[in-house]
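Take this structure first; my questions come after.
Chains here go by letter, A, B, C and D, matching the order in which they are written, and residues are numbered from 1 within each.
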Amino acid sequence: MNKYSIILGNLGNTCDRFCKGYKNNPSSEEMLEMAIRKIPHIKGVELVGNWDIRKDNAKEMKKHLADHGLECSSIIPDTFSESDYGKGSITSTDVRIRKKALDYLREMSEIALEIDCKLLNLWLGQDGYDYLLTTDYLGEREWLKEATAALAREYPSLKFALEYKPKEPRNFSYHARMADTILAAKETECNNVGVTIDTGHSFVAGENVSEAVVLAKRAGDMLYHMHFNDNHGSWDDDMIVGTVHSVVYIELLFWLRKTGYKGWLSMDQYPYREDAVDAISESILWVRKFEAIVDEYYNEIESLIKLNDAVETSRFLRKLIR
Amino acid sequence: MNKYSIILGNLGNTCDRFCKGYKNNPSSEEMLEMAIRKIPHIKGVELVGNWDIRKDNAKEMKKHLADHGLECSSIIPDTFSESDYGKGSITSTDVRIRKKALDYLREMSEIALEIDCKLLNLWLGQDGYDYLLTTDYLGEREWLKEATAALAREYPSLKFALEYKPKEPRNFSYHARMADTILAAKETECNNVGVTIDTGHSFVAGENVSEAVVLAKRAGDMLYHMHFNDNHGSWDDDMIVGTVHSVVYIELLFWLRKTGYKGWLSMDQYPYREDAVDAISESILWVRKFEAIVDEYYNEIESLIKLNDAVETSRFLRKLIR
Amino acid sequence: MNKYSIILGNLGNTCDRFCKGYKNNPSSEEMLEMAIRKIPHIKGVELVGNWDIRKDNAKEMKKHLADHGLECSSIIPDTFSESDYGKGSITSTDVRIRKKALDYLREMSEIALEIDCKLLNLWLGQDGYDYLLTTDYLGEREWLKEATAALAREYPSLKFALEYKPKEPRNFSYHARMADTILAAKETECNNVGVTIDTGHSFVAGENVSEAVVLAKRAGDMLYHMHFNDNHGSWDDDMIVGTVHSVVYIELLFWLRKTGYKGWLSMDQYPYREDAVDAISESILWVRKFEAIVDEYYNEIESLIKLNDAVETSRFLRKLIR
Amino acid sequence: MNKYSIILGNLGNTCDRFCKGYKNNPSSEEMLEMAIRKIPHIKGVELVGNWDIRKDNAKEMKKHLADHGLECSSIIPDTFSESDYGKGSITSTDVRIRKKALDYLREMSEIALEIDCKLLNLWLGQDGYDYLLTTDYLGEREWLKEATAALAREYPSLKFALEYKPKEPRNFSYHARMADTILAAKETECNNVGVTIDTGHSFVAGENVSEAVVLAKRAGDMLYHMHFNDNHGSWDDDMIVGTVHSVVYIELLFWLRKTGYKGWLSMDQYPYREDAVDAISESILWVRKFEAIVDEYYNEIESLIKLNDAVETSRFLRKLIR
């Protein structure tokens, strides 16, 4: 069975550019309590830097997790919520911002070591651009490579998973799709830099997410981490898994198993207007349902992908519905 | 139970702009034989003008259908395959083409009367435009209205269902989405002009197809006809129903029943590389499966749409999967 | 020459769901000073309810505007920033919220009368839905109609312009595209309900915005208001006009003139990381440039749209570039 | 000045899945005459295998081109128009088809050597898949790699440029975007395998095409060839350059120069309903106009991309419009 995890902050307040808060704002401790008591099947928790995990609370958080048999499945450094990083963190044109960002990533890496977290999930949401003819892509990508490589070399026992997303908050992200993120990882020449798939980001990118898994496999087992959610296809709606799509998840779970993925299956939602505990629990139950289907029909699916016959695949899928 | 139908020509050769033929080219008679012998649950067949139904074979076709207990669920006039209509049929800037197109539509209406077909499905695929700043939208939409109204007034016992699609073969179609097609129909001031939903066209249009059903209901029972297929969201891939989406069809079947839709559920696919009989049969079996779910859980769904709670809906959907 | 306007709040702080503030937060008074002193060509200002205009400052704001020869081009009631409206304002399933929203819209209408503002721009951003099978579209659209009609009947001397947008903040908006918004306006049977085009919303909707203008014309001069901005096509990036597209604006300005549009050309941007005064000034200068082209070449464009020849249109466009 | 070229077949008949022919069907010789006599600035011609160039006419074609001072800028093997390749050429699950395809590519390579053509443009349009859960991506990508590598090793003096496109005719292509195509090229471990950008394919892929140029540069000068056309953003409309977009081409021409691109600028359109000679000539004149802007303002653009200020870029762009 796969290892399930959630992102702690997903249990908190949600907002958008129009509304500052759809909900109340629980503390990280309260959210952790909610997760422990109410969310089924989880063995790990992802912590967002600054918000959930800092130098000052690292020891305590480590103990708290251990007390409940949970791992910290990843730390997600926050290079996206401060206005200083508004036009880029490690790719900012301002050398001081780049230095600040890299130092901050080092700090988060130290904390990871301290709390036995093995993976940093780098979602560099502000690293990209908005307008055409305003950006030196060559120079900024060089900064991106250098900082990522520096970090990876300094912390060789940690894994750095680059999470891609085509856009938002920037109009174009540097880590945009699976293949360009593999290229960015390979440029570092460090074998502890890989990729995070967020299923919703992949849908919006126009990829078939299973093919993204295969690209990472062929590039040398570069898939390090998985975030799950669903959307309507054109935007990162961050919805409950299974409420729009289903076939695509069955195929994904099949390819994760077939390619020998050993990482976490972590839920990453943004339940704007829903009860967060319930919404995230639903996603876990959906992924487990898809996993159960793959386990039961693994050989049959293996045959279907060799058979190359849409009608036979349709017949198979139809029998999965009551 | 709903009435199922297919488009006869979907059983024939498929092509695209790169490949002239992926398959053999059976005759309409052969396709009809295939449909009758092999496709489950159908009570109707849609016939494409010129290809399947003409003055010269109308009598014979009528008898053939009757012999097998089939209705002609619609005639689809062919205003899209001749180069004469390449820049528009009833909206061509060439008055002779407009006249030719309208006369042809009259001829097809006569044939409909002759074979007891009650509905013309007008997919005006070439009526639209490609380039900005090349088209008098105001003038062409006036021609569109006049010709549609003329036809509808001359054949008051027939229903004319306008099938919308955002693009292909033109970069922009005049009948593009549900709401603009309702407006186009209302402009005619004829109460025998309505709309056809093709599910795939609706997906590509960015609509939620169930809301399109509701728009037609509110406009005065203007949904006349349904075409079913599936796609990956960005293009009219014309695939087997259920191979990408499923929730959206359950919702659709629910709203068709709730709004009292009495028309056909017709399959409209383009099985480029699949066995056509099998692929279309699959779609029928999928739609019937979704229909069975709606029938079994009608009251529960009715409650869910009042409840407005994504988590409860997710729980409901999850139990439909084995 | 057209009448230019801006939305006052566009000069203030910007944020998104990841970053609470990219900028400082000036007061409405400070923003008004900036607009008056620095933004070229404007004769009007749009005021957002609660933020810029309230009962308590209406008199003062009226005087302030008059002192500088400015009109209030519209009031934009704020039915989107309060969590109370998170699942809908006048279409909330909670009757108290619906009542609160309608009362609030009445209050804003009173203020409009008081300050001689002739138009309320109703962007009902929270009125829509997120998940399939959670919403009674028929019932909610009835509430939408009733509240809009009630308001329009009670304030017959005001115009109510419904601003459409396909999504954000909800996954699906009720006022989503031009044609469905025309239908929603017509349902009210009030001749003081029309539509606002936001160019960026129209791009994202997959419409050709000039055709949207023509649809509104044919429906009976239902285009009441215009918001200008640009984007990359897939999302409401709210950028400076002209930084991505240009041909589409030339066509738009042509059709606005041809259809006799007499309303405002108002800038609606969200300059996340740009100097707001400069960015909005740029948009005005772009729209004026496009307007100047249309004025100079009006007859030539008129001929081109009759000619229906993409090559001739291309030649025309090419000569507009240095 | 850049070297301009066209694809010969673009001057011929056009069709789609609905209409078999919008135009007449000139011979390759007639099309070549038209190109030579009427299309400005071209120094090269791309020839489609089988259609324009075969063993039997290679000698003659070589002489014909030489007589008019033209080079064969590329051969485009036809692995897309035969039904044999309908479910893949070098990635077909049928070993005989894979062998046939590879042998055919060898034959085209021989012809390239014979006529002094230095580049094969491999657009493997049928290599991909349509339905989820029908395809062994791992196995098929292995075949893709092996056949590409075999070809590249056997013809080390030729360059093989992989042309990517997200979809059409398959729902998903293996060579889909710049980055995955770089990965596919690198897998071959042959330094004569690179990438072709088709601007329209890049637009549809959601890439910023200039960033694609930079990705290819960073991967080691892997951009081998350029195809130009325009579209409305959601589909490969294959339109005249400049009729929808302009800023994006200015940026592209800048980055092509900045990264030292030395290949052809070839037009690749599909003028469904336009005069082909005129439509393609327009594209050349547009690209040259953009090139002239880049040449005139190269240093200013260089400064702008360092400046990172959307307002300054907007001011620059605005002055390019009359």
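Here is the rule we go by: a contact is a pair of C-beta atoms (placed from the backbone, for glycine too) under 8 Å apart; a residue touches a chain by one contact, two chains touch by 3 or more.
Computed from a predicted model, the values in this text were never measured in an experiment.
Colleague: Under the document's definition of touching, what chains do chain C and chain D have as common neighbours?
Modeller: A, B
Colleague: Based on mean C-alpha positions, I'd like to know which chain lies farthest from chain C.
Modeller: Between chain C and the rest, the longest centre separation is with D.
Colleague: Round to the nearest whole Å and give the separation of the Cα centres of chain A and chain B.
Modeller: Those two chain centres are 41 Å apart.
Colleague: What's the distance between the Cα centroids of chain A and chain C, rounded to whole Å?
Modeller: 36
Colleague: Can you list every residue of chain B that touches 2 or more other chains, as numbers and ranges?
Modeller: 87, 130-132, 172, 206, 234, 239-240, 243-244, 247-248, 273, 309-310, 313-314, 317
Colleague: Considering only the defined contacts, which chain D positions touch chain C in the complex?
Modeller: Interface residues on the chain D side: 206, 233-234, 239-240, 242-248, 273-275, 278-279, 282, 285-286, 289, 293, 309-311, 313-315, 317-322.
Colleague: What part of chain B is in contact with chain D in the complex they form?
Modeller: Chain B residues touching chain D: 14-23, 80-83, 86-87, 125-126, 130-132, 167-169, 171-172, 232, 234-235, 237, 239-240, 243-244, 270, 272-273.
Colleague: For the complex, give me every residue of chain A touching chain D.
Modeller: Those in contact with chain D are residues 87, 93, 130-139, 141, 166, 172, 176-180, 182-183, 187, 205-208, 210-211, 214-215, 217-219, 247-248, 250-251, 254-255, 258-259, 301, 304-310, 313-314, 316-317.
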